[in-house]
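Okay, got some structures for you below.
Paired with subunit B in one complex and with subunit C in the other, subunit A is shared by the two complexes that follow.
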Partner chain A sequence: MHAITRQFRDFFVSLQLTVGLLILSLILVFAATLDQVNLGIWAVQEKYFRSFFVMWQAPNSDISLPIFPGGYFIGGLLLINLVAAHIYRFQMNWRKMGIQLTHAGLIFLLIGELVTGLMQKDSSMRMEEGQTRSYSESFRDYELALLDKTDAAFDEVVAVPEAVLADEGSVQHPRLPFQVKVKAYYGNATMQMGDPAGRPGAPVATQGVGARVQVIPLPLTYKPDELNQPAAFVEIITTEGTLGTWVVSPLVGMPQTFAYQGKNWELALRLKRHYLPFSLNLLQVTHDKYPGTEIPKNFASRVRLKDEAGHEDREVVIFMNNPLRHGGQTFYQYQMNAAGKMSAFQVVSNPGWLMPYIACILMGVGLTLQFCISLAGFIRKRAGTPAVASSV
Partner chain B sequence: MVVSLVILLTGCKDREITAYRAPKDAPAVTAMPQSPATDTNNLPPGHPPIGGAASPGGTDGMTQMANTPVPTAGGSDLTWSAPAAWTPKGGSSMRKGSYAVKRDGAEADFAITAFPGDTGGLHANINRWRGQVGLPAASPAELDAAVQHFDGQGLHFEVVDLAGPSGTRMLGAITSFNGNSWFFKLMGPDALVAAEKPAYLDFLKTIKAP
Partner chain C sequence: MKRLPLLFLVLGLVYLGSTLRPQANKTDFKLNDLNRVPVLVNGRIKPLDTVARTSLLTLQGRQRLVTPDGRSLTPAEWMADVLFAPGKADTYRCILIENHEVLDLLGVKTEDGDGGKRFSYDQLRLKLPELEKQARLADGVEAPLRTPFQKQVTTVRNRVILYLQLKTSVQMPDSTDFFTELDQFEKALPAGIAAVLAKQRNEPHNADAVKVMREMADRFSYMEQLAYLRLVPPAAGDPDPTNWRPVGSTLLDAFGSAKINPTVMEYARLGHAWRKGDAAEFNRITLSLHDELAKRFAPEMRKSDVEARFNAAQPFYSSMSLYVLAFLLAVASWLKWPQELSRAAFWLLTLAWIATTVGVFTRMWIEGRPPVTNLYSSALFVGWGAVLLCLFLAKFFRNGVGSVAGGLIGFGTLIIAHHLSLTGDTMEMMRAVLDSNFWLATHVVIITIGYSATFLAGFLALIYICRGVFTRTLDKATADALVRMVYGIVCFATLFSLVGTVLGGIWADQSWGRFWGWDPKENGALLIVIWNAVILHARWGGIVRARGLMVMAVFGNIVTSWSWFGTNMLGVGLHSYGFMDSAFYALIAFVASQLLFMVIALVPLEKWRSNTPAAA
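Showing the complex of A and B:
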């Protein structure tokens, strides 16, 4: 084998690399925990763990520099290290089977975290008693929804993610008979009554609520209990000319509509929706307390699950630690307002949800096997020792 | 490399413009607050209970409220001239004016009340009204965006048009006069109140200080 290839191989299968990476991950977790004070849990996860490098932005500039390996980098190298060592040192020997299984479990755990990090979708479904919902909403991602509401039975929706709005460019889509020009976008903003022209520098809305309000940009919030409320000025441009400029924001409570080519359109900046192939109807919310106290005993929501495609129609009770799993989604009891007869579910779709369980089983079996093999060897050795002594 | 590719593909998905057909949003089913006792909970702190007819349909809580002494506005009153089609009703002690507005067999209630001070402020009052038609409370910015400003005869009105999910609609106007807050509230079936809106706005123009 070539010397460089051997060095390369030795580096990736070495235990020093494992130890080095584990130390780096310790430092990363420590720094991220401290930074939670400034950024909150969501931003910390993105900055430290769901990134290849932890970036540092130089003050008063747009230059970002990588200053420390991120979670994906360390985790990825750890995975390569583990797999390489596993393959390199693999021996089809039942004595080593316990170790092999434990390593395989660890590899599974790391891959599971990667799959979860990349593919898990968290959203929420909020309903009042009697309401039926067939979609969940993102916790913090928004979308500009352009709805063709002409048909009485359904809406044709074109949803533009917030990330596209942030580019402040023009949006065209085959389903839209017009162009949407994003004249300005604010990641967090509030609105107040007033003449829109009173804020120089900002575009002026000519249609809808925007013609009577001022949009005031706010700094982005990272606090876990606060939500950014984005706002944008969007102009609808047709082949015949502009239809006007609207202000869109989740703070706008009333629908903003316009008509074009005989169709009725509505625009709304709302939390990103994920439509499901089934619906839930909230039948009853129950909030039991321990008698004579305000201590909650049980939160439960009785829902009716209706799946048109699967011809499923059944009642389910969702309560703490007893989620509903259906169609690749898991519905956990998340929040409840018993007085308002409102219940909220956390809706999680994670294709890798079984992987940590499989990993734990593999590691458990591996460690038990290894322990038993060692124990058996030890007993055999002990049983053999007196015989040796007596023969001396 | 495979990992990078997966990450890149996942990253691109966040920027994907999607198009789909969705069922129409079902209107919220929140019923109007059934008992005025619940209604009272929606009042801003320090707000005096509002007159009985403000919450049609209640009985028990109303009896309780009727027994509570209510400070209504003192001093000189505003004057107005109501449309001929509106039938004056015998007002309660808390009402400055009371009319039945009828059309096509349906009836809406128009109440004029006045209380000292700002009674909790504009936002709290609109949110209380939202509760009465079955709408959830809204943020100050949403409320500001929904308020229409209307100038009458030397008086400035803040006007809201609230359509509840259960088919109840309310036109409400608030104005300040001599340190008192005056409320002009037309509440009834959606179609009737919508049809009466021009008459309601014309009515506001007739209100003047003595």
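Showing the complex of A and C:
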């Protein structure tokens, strides 16, 4: 093998690299844990773990500098290091089988977490007793929904993702007979009664709620229990001219509608919805507490699961440590307001959910095997040397 | 001299045996029987003895109480006075106040307090509205952001409320003879109810009778508002066996049923007998209460009895003493009579471990849960696991090191556990997500063993460093043995902390929808796994030798204490169940001490007093 190639390979296979990377990961995890007090868990994950570098923003400027390797960098190198070691250094005899299995399990775990990081989708489903839902809502992402409500039996929805709105351009879609022009978009905003013209520089709404309120942009929040409430000014432009400008926001309580060419349309900026091929009907909400205390003993929701295709129609109880797995989605008991008869589920779709379980089994077996082999060797050695180390 | 180990063993056994003797009643009043009566508090059925002891710990940080006239009271006697003779109890100085500004607020001086910091309800009575006002202001500030004054003022207010709640559990505190009061009330009840109904129908009625009913209703409502102890068991036909009720609510029921609940009358009679000094009557009623409950609630009574005996035996305090003795004997064995002293130390360590085991298992049986359910029990279990490992080390290596480490860690963890017990009952009910015996028994136990092992490796390394730098006793054989011990324990720690962490991930997946969420507790566990892996890989790669191994193992103590306590102090994430801020300074001190030892170890090897080469 060429000398340079061999040097390269030796570097990636070396234990020194392993030790160095592990120490770096220790520092990264510790720093991230401390920063969670300021940023909240979700933002810290983005900054430290789902990145190649941890960026530092110079104060009063837009310049960001990488100051430390991030999760993908360290994790990626560790994966390469582990795989290279497997190929070049690990011997395939049964005495080392324990270590082989453990490291194989670790590789599986790292890949599984990568798959989860890229593919897991979290959403929530919130409803009151008696209600039925066949969609779940994103925790943080919004969409602009344009609903054709002409037919009483169903609505046709065109949903524009938040990211497209943030570009503040114009949106055109084959199923929309008009163009939607986003005149302004704010990631987080509040509304108050007032003359809309009173805010210089902002677009003026001519229709709907926006004609009576002022929109005030706010800084984005990262606190785990606070939600950003975006707002946008959208103008509906047809071939005959403009129909007007609306303000859309999740804070708008009433539906904003307009009619065009004999069809009734509604505009709403709402949490992004994921439609499911089945529905859940909340039958009963139970919140048990220990007698004489407020300590929760049990949270349980009884739901009726009904498939659109008619294959499933059964009652299921969802409670702590006991999720419902159906149709590639998993429903966890997330929040509850028993007095308001409201239950909220966390809906998770993660194709890689089995990988940590397999990895755990591999690692557990591997480590136990290795430990037993070492212990047996230790005991054998001690049995062979009776008068050893009784000194002081 | 050869009999020395046997002598220590016998003395240890006698000591432990003495703690198991049932407590003798100091007076004619059979308070031990009252102790065993079960009540429902904070969701759990427990003996009055536990209530007495944990209330005293919460109020003043210790169980011993001295009256103003110099008598020393047992928790049971104090409880009886609080319940039945509140006028006397108000003079006992049992409320702890440690902040000068709070003392000023309440108008008392340190000279007035017992030990300068314990005060009676009578001393504080006048300025209580002030305390309430200040505490309410402090309540508005988030707990981690409060100033020391705000923290202390809310703590003292909570202590006063606990005291008031206990006083109002059986009777109205200002009543001089509650039994007679209830007796007269019961006799007047039928006429009184008739009068109230007549008034409601706007018919002619006896206004005095209505007034009496109104007054009694107000008094019973007051009792119901302050309800804390649920003394009255469910009625015979009640389908819910956990429906124990406070005396106040039960008395209010009398307006509907025209009769007072018999258990409430029994407690009133009990109070009467206590105040009159009628021991025979008191004992008779206590026995009848006990038997009555035993008939209908046999399993709860049995657990209550055992728990009362457990409280009296205090196995963890006796283990603590034995651990200290074992530690001292083992260190002495390094100086003189190595064989005899180290064997004596080993026997005492074993006895102490057995006592801890009995304590841990009794708690498990009483709670019906695996051994680790909260921070307090995790401290007990970390010690238990580490000492078990030390027993194996002592058996295999026979050089006193196992006993030194075991004695020290056993004592240390029990002291930590004691400090964690000061906020109330340590056998708490599990919140909904933790309510899974399977995961408590697997993930939590395995990860706690991982903590034990990492701490043990760190303490063994401390022994290596101290003996090597400060004494001449670290010869090659001992150094070799210590290196093998630390290496072996680190391997063990890696296994358990990795498996424990992964199990935690699986539990989180079942419960919170994701295997790994990067929350502080999860990160802490990950740091332990990573650091143990770093030690092993550094050793295998020849990057460190004996001294480096020891320094890294000591750093493991820092990583583990961060994961165990530090992460709870951040208050972030789904794992924040155990919040305590006074431990912050203790944690900083511990970390600083470990860093100091690491620096000492890094002194050049020629400067070490023991001439052991590093390449051991």
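Please note the rule applied: the second predicted complex is superposed on the first by the 367 of 392 C-alpha atoms of A that agree within 3 Å, B and C clash if a C-alpha of one lies under 4 Å from a C-alpha of the other, contacts with A are read in each partner's own complex, and residues count from 1 in each chain.
Definition applied: a residue touches a chain if its C-beta (ideal position, glycine included) is under 8 Å from a C-beta of that chain, and two chains touch if they have at least 3 such contacts.
Treat the numbers as computed from the prediction; the structure is a model and nothing was measured.
In the superposition on chain A, contact is made by A:297 with subunit C only, not with subunit B. When the shared chain is aligned, subunit C comes close enough to touch A:30, but subunit B does not. The larger set of touched subunit A residues comes from C, when the choice is between subunit B and subunit C.
When both complexes are overlaid on chain A, the residue A:213 reaches subunit B alone and has no touch with subunit C. Residue contacts after overlaying the shared chain place A:156 against subunit B, while subunit C stays out of touching range.
In the superposition on chain A, A:170 makes contact with neither subunit B nor subunit C. Using the contact criterion defined above for the overlaid structures, shared-chain residue A:252 touches subunit B, although it does not reach subunit C. Once the two complexes are laid over each other on the shared chain, residue contacts for A:119 go to subunit B alone; subunit C is not touched. Residue ranges on subunit A touching subunit B, taken from their complex, read 72, 76, 114, 118-119, 128-132, 134-135, 141, 149, 153-161, 163-164, 171, 173-175, 190-193, 209, 212-213, 251-254, 273, 275. In the complex of the two chains, the subunit A residues touching subunit C come out as 14-16, 18-19, 22-23, 25-26, 29-30, 32-34, 36-37, 40-41, 44-45, 49, 109, 112-113, 116, 120, 122, 224, 289-293, 295-299, 320-323, 330, 332, 334, 346, 348, 350, 353, 356-357, 359-360, 363-364, 367-368, 371, 374, 378, 382, 389-392. Residues of subunit B that touch subunit A in their complex: 3, 6-7, 10, 14-24, 26, 28-30, 138-139, 141-142, 144-147, 149.
Note for the complex: subunit C touches subunit A at residues 40-44, 227, 230, 242-244, 246, 333-334, 338, 396-400, 428-429, 431-433, 435-436, 439, 473, 475, 477-478, 480-481, 488, 491-492, 494-495, 498-499, 502-503, 505-507, 509-520, 523-524, 526-527, 530-531, 533-534, 537-538, 540-541, 543, 562, 567, 570-573.
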